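Think of it as A, B, C and D in the order they're written, each chain with its own count starting at 1.
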Amino acid sequence: MDVHEYQAAEILGRYGVPVNPGRVAESPEEARAAAAEFGGTVAVKAQVHTGGRGKAGGIKLAHTPDEARDAAGAILGMDISGHTVNKVLVVKGAKIAHEFYLGVVLDRPNRQVLVMASAEGGVDIEEVARERPEKIVRRLGDPALGFQPYQAREIAFALGLPAGKVNGFAAIAQQLYDAYIEEDATLVEVNPLILTDEGDWIALDSKMSFDDNALDRHPETEAMRDLAEENLTELDARQSGISFVKLDGDIGCIVNGAGLAMATMDAVKLHGGEPANFLDVGGGASASQVAKAFSLVTADPHVRAILINIFGGITRGDVVAEGIRDALGEVQVSVPIVVRLSGTNAEEGKRILADAGLTAVDTMEAAAAEVVAAAHGKAA
Amino acid sequence: MSILVGNDTRLLVQGITGREGSFHTTQMVEYGTNVVAGVTPGKKGERVAGVPVFDTVEDAVAETGANTSIIYVPARFAPDAIYEAVDSGIGLVICITEGVPVNDMVPVYAYVKAHGARLIGPNCPGLITPGEAKVGIMPGFIHEPGKVGLVSRSGTLTYEVVDALTKAGLGQSSAVGIGGDPVIGTSFVDVLRLFQDDPDTEAIVMIGEIGGSDEEDAAAFIKEHVTKPVASFIAGQTAPPGKRMGHAGAIISGGSGTAADKVKALEAAGVRVAQSPSDVPRLLKEAIAAA
Amino acid sequence: MDVHEYQAAEILGRYGVPVNPGRVAESPEEARAAAAEFGGTVAVKAQVHTGGRGKAGGIKLAHTPDEARDAAGAILGMDISGHTVNKVLVVKGAKIAHEFYLGVVLDRPNRQVLVMASAEGGVDIEEVARERPEKIVRRLGDPALGFQPYQAREIAFALGLPAGKVNGFAAIAQQLYDAYIEEDATLVEVNPLILTDEGDWIALDSKMSFDDNALDRHPETEAMRDLAEENLTELDARQSGISFVKLDGDIGCIVNGAGLAMATMDAVKLHGGEPANFLDVGGGASASQVAKAFSLVTADPHVRAILINIFGGITRGDVVAEGIRDALGEVQVSVPIVVRLSGTNAEEGKRILADAGLTAVDTMEAAAAEVVAAAHGKAA
Amino acid sequence: MSILVGNDTRLLVQGITGREGSFHTTQMVEYGTNVVAGVTPGKKGERVAGVPVFDTVEDAVAETGANTSIIYVPARFAPDAIYEAVDSGIGLVICITEGVPVNDMVPVYAYVKAHGARLIGPNCPGLITPGEAKVGIMPGFIHEPGKVGLVSRSGTLTYEVVDALTKAGLGQSSAVGIGGDPVIGTSFVDVLRLFQDDPDTEAIVMIGEIGGSDEEDAAAFIKEHVTKPVASFIAGQTAPPGKRMGHAGAIISGGSGTAADKVKALEAAGVRVAQSPSDVPRLLKEAIAAA
């Protein structure tokens, strides 16, 4: 789960990170008031769960309260990579002497938590990683003991910080690491972390993402969820134990198993179609679960045909077939359905489907070819 | 036996009296797996599918000589179950449980490794040595004893490929589902090494998916160390970046972890990569013929 | 540092341990009021930093508020092993179905933290350990990861608890372990931990001791220090960086180094004397440090002679001699002083002492013999 | 070299610019110890007694090939300093610092051990191989090269005994102060094993004190594994129970850890235990003669 910049800053502030004082505004007038309160130059920043805000014009400097109001007026309602801006964050302007990058992520190959930093802050860190990897300093936290003070100092010295700035930086690195662990984050990032002209550290832009599997032990994080930023269909699916991701195509997919669901999407594509979604119905495939899957898929008006791909394992093919049959009694589906059923009790399942007026094919490839043809209005 | 499990396996089921645990215990016993014990705290003296239940792993190991454990407990209890298994001397722990927070798994991974044990999973279907031992939730009947070692991050997609292999006359030495989470106990490389060293395995199938770089690491390992023919399939060619595809670990982030990169790395290592799961048997036969 | 039972209970209560509700009383009337508030039977318990309260009559049951008042009247002011009772704890009576012992300590040989429990609670656990060691169940916490839930359950099952009581016990064991680690304790003990007739767990008597070296990070624990329970001379010494322990003899000892200080005490005893104290002046031996040592030792009216035993190491003998000379200018010492000086610059040091009217001997044994003779009013 | 330190030692001083660190660095350099580097964060480029100072242990090791580290930092920084040394590849770490909380040392001890390094201390005077390397705070001049290995929990008491040995014509191979805390990195048994295996050591002196059971463990080890003559002294015959005698670890608790028990165990193992430190040389000579 992602949160907004202002929420990430709020969390990191609790860990002692020197975040920039800011105020959230949902209207130009609120932005003006916030700017007036801070005085001097402020930045007005779009609060959306996506990057590239700067390039999209979602971050503006304002030297007066009126400018802040106008900036907020321009930004609020803006669409940034498909995200509508509903809130802006108004923060005090800071005199930047130097920009750094500081982030904490999982290092999958090492199965450890990684602290990474760069003296090239304020830019796309992935670009730095790709093009000037030597500019990034990395240290792995010990899996049991965590990140040690000396590691934070090593990073600070490797960035070339002067002696007087080392402890301040090291403290912030430790705070980000602590926040990552204690909040069950999957990403904690400050970019840029700046040194001001006065020599103070300020976390100018904060970002955090969280492990969905750990949200039940962080209700205060869950409460930060911004439904306006969420795909409600995906959330709805999740609550039914279904993994669902909306895509741009027109062929709906209902599959048991995540890997098989991806492979099914790939097969659709291979046969000239475009998948409308990723959907894993999960372990069982009861009538209500399948009905839910149908309603998720058909909620998308672009869907022109549905491919159901089931490999009967522990969940038997006949049970799945019954689920499909019964679900079709519950949900109205008006587009062609192609079913592929294989594995345990597939033959019996096919008979059940046949009784329900559906023909099941044997292979994924045949099913993919058929569903693409059906979507395009012709027989395979 | 082929790799990891077989006739020597003496299996313990942690969480044996739960819905999943009891169902799969029955399935495993029916398959012929030597399930010697189960553990559910407070349920000592009960039996599931004829298997005696103990309060603690320590007791179960002492009484039955269990050497392998499979875990079906809920996510929030899974790390504790793994520690209990390792501390009780279990050398191979298979964690089926899905949804374990990553921050819990980081210390677990290091702990298991430091104690010389092996963890498979979490969020995995388990593993099977056809005809000897099924230690997991896969449908046993689609497997056939043979010479192909299979390793996969997925569940049903693996069954799909196994089914195709069996139908093509390619039986399996062992099939290992390593799991779909970002932090898993056993990687592709670990299993490839075992298959390479296993005299019962003559060819290898590897089923990958988007996210992380385990497939790339596997490609590097194959290039360097694997002399047996390898065929592969990578799921998620059409997956969009930044979205989790069901598995917690199946996500393209920051432009890395794409299927295209993985396919490229594998092909550069001489692996034949199929465009669809059903094409795997044909490519594997080609690879075997070319070897 | 030790704390009282009621303070330990307060800390453990914060960790979720089901401690018995209680109220501290410093007068019989307060005890009466507390008993009236609780209603029914109460226990009135002496609050002193020593064991054996029960045998000494420091714990009494009272069935009415008046009885509680009388019990408190009897206990307050009582002397238990040299500790005067200034406070009593009045707690609700509990119907004990079974008593357990549960404690957390450092296991020195393993360098790990040990959780130990016994179904033979309410008695001296050291006696159980000695005579029926098989009655004690032990589990070591992992040095980095801590105590795992399964270990707590293993202890519970090994104690023979019924399935329904296992989780409750395990939670308490975990709470004691957490308190031990987070509070930097050296001992956490609940004895007895009881199961009531109603099947509830109650920690009936709590005990905690703390690592003096970690108190600076636990000001709230330091604030629990009861000066009435402390040897003020020892505390005073500690603040000057001197380790001091009061003993019962008549020969004061001033030594540099803890091991040598113990050896010096042993030498005094070997030569027929009784040491009045253990005293390690620490690394340096400035005039002010030595003066402080003199004042600590001479504060005890039983002291009849003083042995100063210095092995000059990095701290030179001449510097120590100067410290002794100057200290004698600051503090009035009216008992005989025997100095032993050896090691670095000992000869120069002896000259300095000779100028100050003190004769230094070469060996610890000679010094011990001489000081014992001096204390007994005769030449060695 | 005898044990642990000697002419091959390339010493790093952590906390070199502090009062203690700089003083003892000078002393060690004057003794002839090969002090190659110091570390104080932010003090890179300075020199102490001619020794170059670095910001991190990593840098110091890379530049100077330091293989041993001695720590003089304040107690609250000591665990971090030990982790830094071990993680930078230092194989032998001597922690002089007194007052480190026990709960901090418990994970440190396990970490050092798991990483194959050796820690001596904390709260110890360090160790010396006379004529080769002094790595600690002991006065060097009282030592004489020779064949007696000495191990002790104490500081000045050790100097007392060393002085007596030297005056009695008994030089030392190495003298090791293991420290007076409840949790220390290296125990009597560890050092006894090294002395037993060291061809330069012909006899052993062990100086113990009240508290814990390391002396009893040592006695059991001596009985089983030590063939060289051993003499001992145990301080604290007159120490009362329940009171800490200066050292955090010197406390008789629950009736265990008494000097009498330790003396008894050592005598039962054939060790000659002196009644006073000055008597140690005589007993050791007896032991050597009887061997």
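In this section, a residue touches a chain if its C-beta (ideal position, glycine included) is under 8 Å from a C-beta of that chain, and two chains touch if they have at least 3 such contacts.
Here the structure is a predicted model, which is why all the values come from computation and not from measurement.
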Of A-C and A-B, the pair joined by more C-beta contact pairs is A-B
Rounded to the nearest Å, the gap separating the Cα centres of chain B and chain D is 49
Chain-centre distance (mean CA atoms) for chain A and chain D, in whole Å, is 55
CA centroids of chain A and chain B: separation to the nearest Å works out as 27
Where chain B touches two or more other chains simultaneously, the residues are 107, 111
So chain C residues touching two or more other chains come to 142, 144-145
Contact graph of the chains (line, ring, star, complete, other): other
Those chain pairs meeting the touch criterion are A-B, A-C, A-D, B-C, C-D
In their shared complex, chain B is touched by residues of chain C numbered 142, 144-145, 148-151, 153-154, 157, 163-164, 166-167
Chain A residues touching chain C in their complex are 142, 144-145
Counting only contacts in the complex, chain A reaches chain B at residues 106, 108-109, 111-113, 126, 129-130, 142-144, 181, 184, 186, 211-214, 217, 243, 245, 247, 255-263, 265-270, 275, 278, 280, 311-314, 342-344, 363-365
Chain C partner, complex, touching residues on chain D are 23-24, 27, 75, 99-107, 109-111, 137-139, 141-142, 152-160, 163, 180, 182-183, 207, 209-210, 212-214, 217, 233, 235-240, 243-250, 254-255, 259, 275-278
Contacts from chain B onto chain C in the complex sit at residues 41-44, 55-59, 77, 80-81, 83-84, 87, 107, 111
